[in-house]
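Note that chain A is present in both complexes that follow, paired respectively with chain B and with chain C.
So, the complex of A and B:
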């Protein structure tokens, strides 16, 4: 038989332990409370729909988007053989190649210029950043007019120089390039601001010692600015790539994917497949494809970015 | 020699500025032109009259759209600030099991392009009967991993002593959050707020899907309507619409440019 004292001690322990678990989980419970809004919203509007997209991509659907017939990988196989989809992929890749490098080079150039310590430089910085404040819809409408075949500014310039006007948005050869020009212009503001921020973060002393050694501007640019800027440039490249894959508004306002589907970029293609043709199954399969593209870009960033890039 | 170099930089700066700003300047000038002036190919309008602006507001409920855009952008901005700040607080100041894993899950959401989820999201909004409502246009955007990430970076710079001192003083977690953390990180909150407002004001695809009448439609969709209605004839009216739509965000950008530049660079790199 155990003595009363011993029993009491055991009871005490049990109570302590119980309180301990409750106490121990206090932090966990508090944290959950603070994280709950994010967790609920991510679940409802991000994780669930991502799963649902994957699910739908294996089905044929009715007009309401309810899954009807399980078809396995049929939707994917259909896409890989569909000329329209392959064209869309090709257009998207070309679009990325047209917009990302050019946009970054122009922004880098502007940022280097705007980093000079001159009177009134703030004014120029504001102008260069201004396109960030202009929406996709507004930019597209303005450029739609600049590209206008008869009254548009671009063709007027060409005409005044004695050239033949170009059907910017109506000629399959030019349309994608025109959409790209609009996009590059739109993105300059954001890219410029980020790169300028990066340049200003570089330690002044590096330049001072280089100057003492008599290094010229371009030597400093190659040996100090660009290497020290590499994390910023890397970030900007990733964001620009992802943005390029997500392009929609410009296409909707400028070309509606035409002429002859030369500007049917992937998000526009998904939009049309789902909300015009009501083919939610194949549209979902295209969405999965978009997801994979962006996944690859992000993984590449983590794999290579961290190693190659010079961090301070 | 220094003078020559300075002059050269100014010249290049000016040319670049003109090229970049030209489309906006041109749109502004056209917004004062009649159809006839435009056909003649003038660059400067004969006089600055507001007729086109009058027409733009007559053809469309533009004022109503502006109000919608303002309500939606402010709501998303506030929603993002509250939700992100709470999450960031938990990640920085509450040690709990699985914190690293959960943070990794948060970051991984940045890999999901929103467009890849829009079909089921559209169906969800439809089932909730949220088409043509403010909540349909705002609530899906409240949680944003970028916001949590940005604020977490700044919260981490709060000195440990401050946290310890407030615990000794018996300040509750919630009061520490409200009274110490948020005021300390005002600049990041402003950056995130400006960013949220800008991106929401400029949103295009989701408002296109989630509205089918004028009740909560935003100015961006209004621009598309204006452009389809007026096409060939009255570009002046369309450009008047463009100027009205871009003015609020341009002002916001001019005011907050420095802040935004610093904040975004920080969020991007640390």
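So, the complex of A and C:
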């Protein structure tokens, strides 16, 4: 004799078998419903443009951006031979090297300062993080005034010290550096805030234990703070790298890619190619190239950088 | 071995009320000294002041006779174990253990040797290359312990080191820590909120409440003669039963709620001035009256059982006495049901009496079941 429970169990199985694909996929369909809003948004603003860009990069286009003649990989080959594009890549790489390490080191330094328990430290935390709340356009305009060759604040300081003023944005030797300085200043707010958060997450007892062992400030910094901060630093480096590759606004306002294309960073170059020269094909090819660059850098970073990261 | 002395030590934050007031105690070299009290009583703060992690507002702290109030933690010859162990999560067990030696620039060879020695003592040899997150709670605890003793500091401070372990492991680590302390002859200052740890580990214990010393003494003395009702209820499980009792000097009688009357021996009469006192009695001294003969006297009470817990080797019975909830602990298994009426006897010899206003102990129990092993075996 089978007990009632067993019978019920068998009955359940029979019912389950009768459930069709429609019943079995209930969970999937529910999940899909929840995903739908983001799927729609991503499709409209991300997946479709990406596909379209890839498509256009294989064509010559008319002034409306409609695909005209299929040219295969010729757009890419043209780019690799184009001196302007190679110069733009060189400028971009230099720009990344100028801004990312410097920005992170300065932010780390400020975060360490702002982490000290002092009276009125909240004021400094706000000040240091404040550039996060300023738009790229507004801060670029401010820096435009600071960089002004004759009435700019920077040159006035140099003049008052008896030095020769610098053509910050007009001298091809200085222009990229000037844009980098502006960018570092603008990025500090975000980077500072994330690093400060990371520092404050470190267990205070670790430092107390180290203090009892007699470890000094720099020993603690080297053996506790930096290793414990590695996940935060990794995140910040990744985000800063991607941001630096995608810089556009400050270039547009400060230099328009000049002088003599010394600040023609890749995204600005794409913009000019597409909306000034109406070469949507080569612009798309540049975009795909940039996308691949960022992808490769990020993958490399995850592959080699993450090993040194300690997650709790 | 070094001694630690506190003279009138006080602590207050930003000129507010004192959180620690007027603590004076002398901790002997090689002693296992336990600070015990409910959470928020300031025991951890005292420990942190000894460690140098908190400033001392008033008073003086001396280690080996020298005032160390202003010395940094590293100059006080101490090691410390934290409640959450404070292991460095990015370093493996070995690196964690030798961290302090590395700071002190001990030679690599000696570092390794001392690490191995300590790891062996604590059974960590197989785990030296693991990260703390791959260790169980008990193993982490051992690493924290290893890190403290590898420094060979003469004084070791422990801040509730066992509170994150499960009950079984805790009981095991209690004896282990005690054995290590005896072996290395360290002066140990140990903070806990667990009275069992205090009773079982301490050479002497200090009971704290609201930043004030309640009592300092050997665990067994504290247990037998608690200085006030707070200590009486804090030490011992279940806690000491308390009730208000009236003294009638002319009748030489002590009565609880008018129901139970105990006669006071004439010798004791002169020590009682007040009419009402707080009476305390340990649960194990509340005996059940099982022969009719003893019922002839007055010193028993019929109580109605409200709750029974049989723990295998002992039985805890709860009942209501006036407004107080009392518990009795009897050896063995007792077949008692809720609602049963049970006669309970109270002996004058086994009660404590406290001044009902100040809380001071007036009379401790004179008859304690204190066995001495030599007398039993001889």
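Note that the second predicted complex is superposed on the first by the 287 of 312 C-alpha atoms of A that agree within 3 Å, B and C clash if a C-alpha of one lies under 4 Å from a C-alpha of the other, contacts with A are read in each partner's own complex, and residues count from 1 in each chain.
Convention: contacts are C-beta pairs under 8 Å (C-beta built on N, C-alpha and C of every residue); 3 or more make two chains touch, one makes a residue touch a chain.
Here the structure is a predicted model, which means the values were calculated and not measured.
Peer 1: In the superposed arrangement, which partner chain does A:163 touch: chain B (first), chain C (second), both, or neither?
Peer 2: Touch partners of A:163: none, neither chain B nor chain C.
Peer 1: In the superposed arrangement, which partner chain does A:214 touch: chain B (first), chain C (second), both, or neither?
Peer 2: second
Peer 1: Scan A:232 for contacts with chain B and chain C and give back first, second, both or neither.
Peer 2: In the superposition, A:232 contacts chain B only.
Peer 1: Please indicate which partner A:101 is in contact with in the superposed arrangement: first for chain B, second for chain C, both, or neither.
Peer 2: Once the two structures are laid over each other on A, A:101 reaches no partner at all.
Peer 1: Which partner does A:28 contact after superposing on A: first (chain B), second (chain C), both, neither?
Peer 2: first
Peer 1: Quick one: classify A:224 as touching chain B (first), chain C (second), both or neither.
Peer 2: second
Peer 1: Touch test for A:201: chain B only (first), chain C only (second), both, or neither?
Peer 2: first
Peer 1: List the residues of chain A that touch chain B in one complex and chain C in the other.
Peer 2: none
Peer 1: Under the touch definition given earlier, write down the residues of chain C that touch chain A in their complex.
Peer 2: Its residues touching chain A are 51-53, 72-75, 78-80, 82, 84, 86, 88-91, 99-100, 103-104, 133, 147, 151.
Peer 1: In the complex of these two chains, what residues of chain A are touching chain C?
Peer 2: 203, 205-206, 208-215, 219, 223-224, 227-228, 230, 310, 312
Peer 1: If you look only at chain A, which of its residues touch chain B in the complex?
Peer 2: 27-28, 30-31, 34-35, 37-38, 41-42, 44-50, 52-53, 56, 64-65, 110, 113-114, 116, 118, 121, 124-139, 141-146, 151, 153, 156, 185, 188-189, 193-194, 196-198, 201, 231-232, 235, 242, 245-246, 248-249, 252-253, 267, 270-271, 274-275, 280, 283-284, 287-288, 290-291, 294-295, 298
Peer 1: Give every residue of chain B touching chain A within the complex, in rising order.
Peer 2: Touching chain A: residues 6, 9-10, 12-13, 16-17, 20-21, 23-24, 26-27, 30, 38-39, 41, 82-84, 86-87, 89-90, 94-97, 99, 102, 106, 109-124, 139-140, 142-143, 148, 173, 198, 201-202, 204-205, 208-209, 220-221, 223-224, 226-227, 235, 238-239, 241-242, 245-246, 249-250, 252-254, 257, 260-262, 264-265, 268-269 of chain B.
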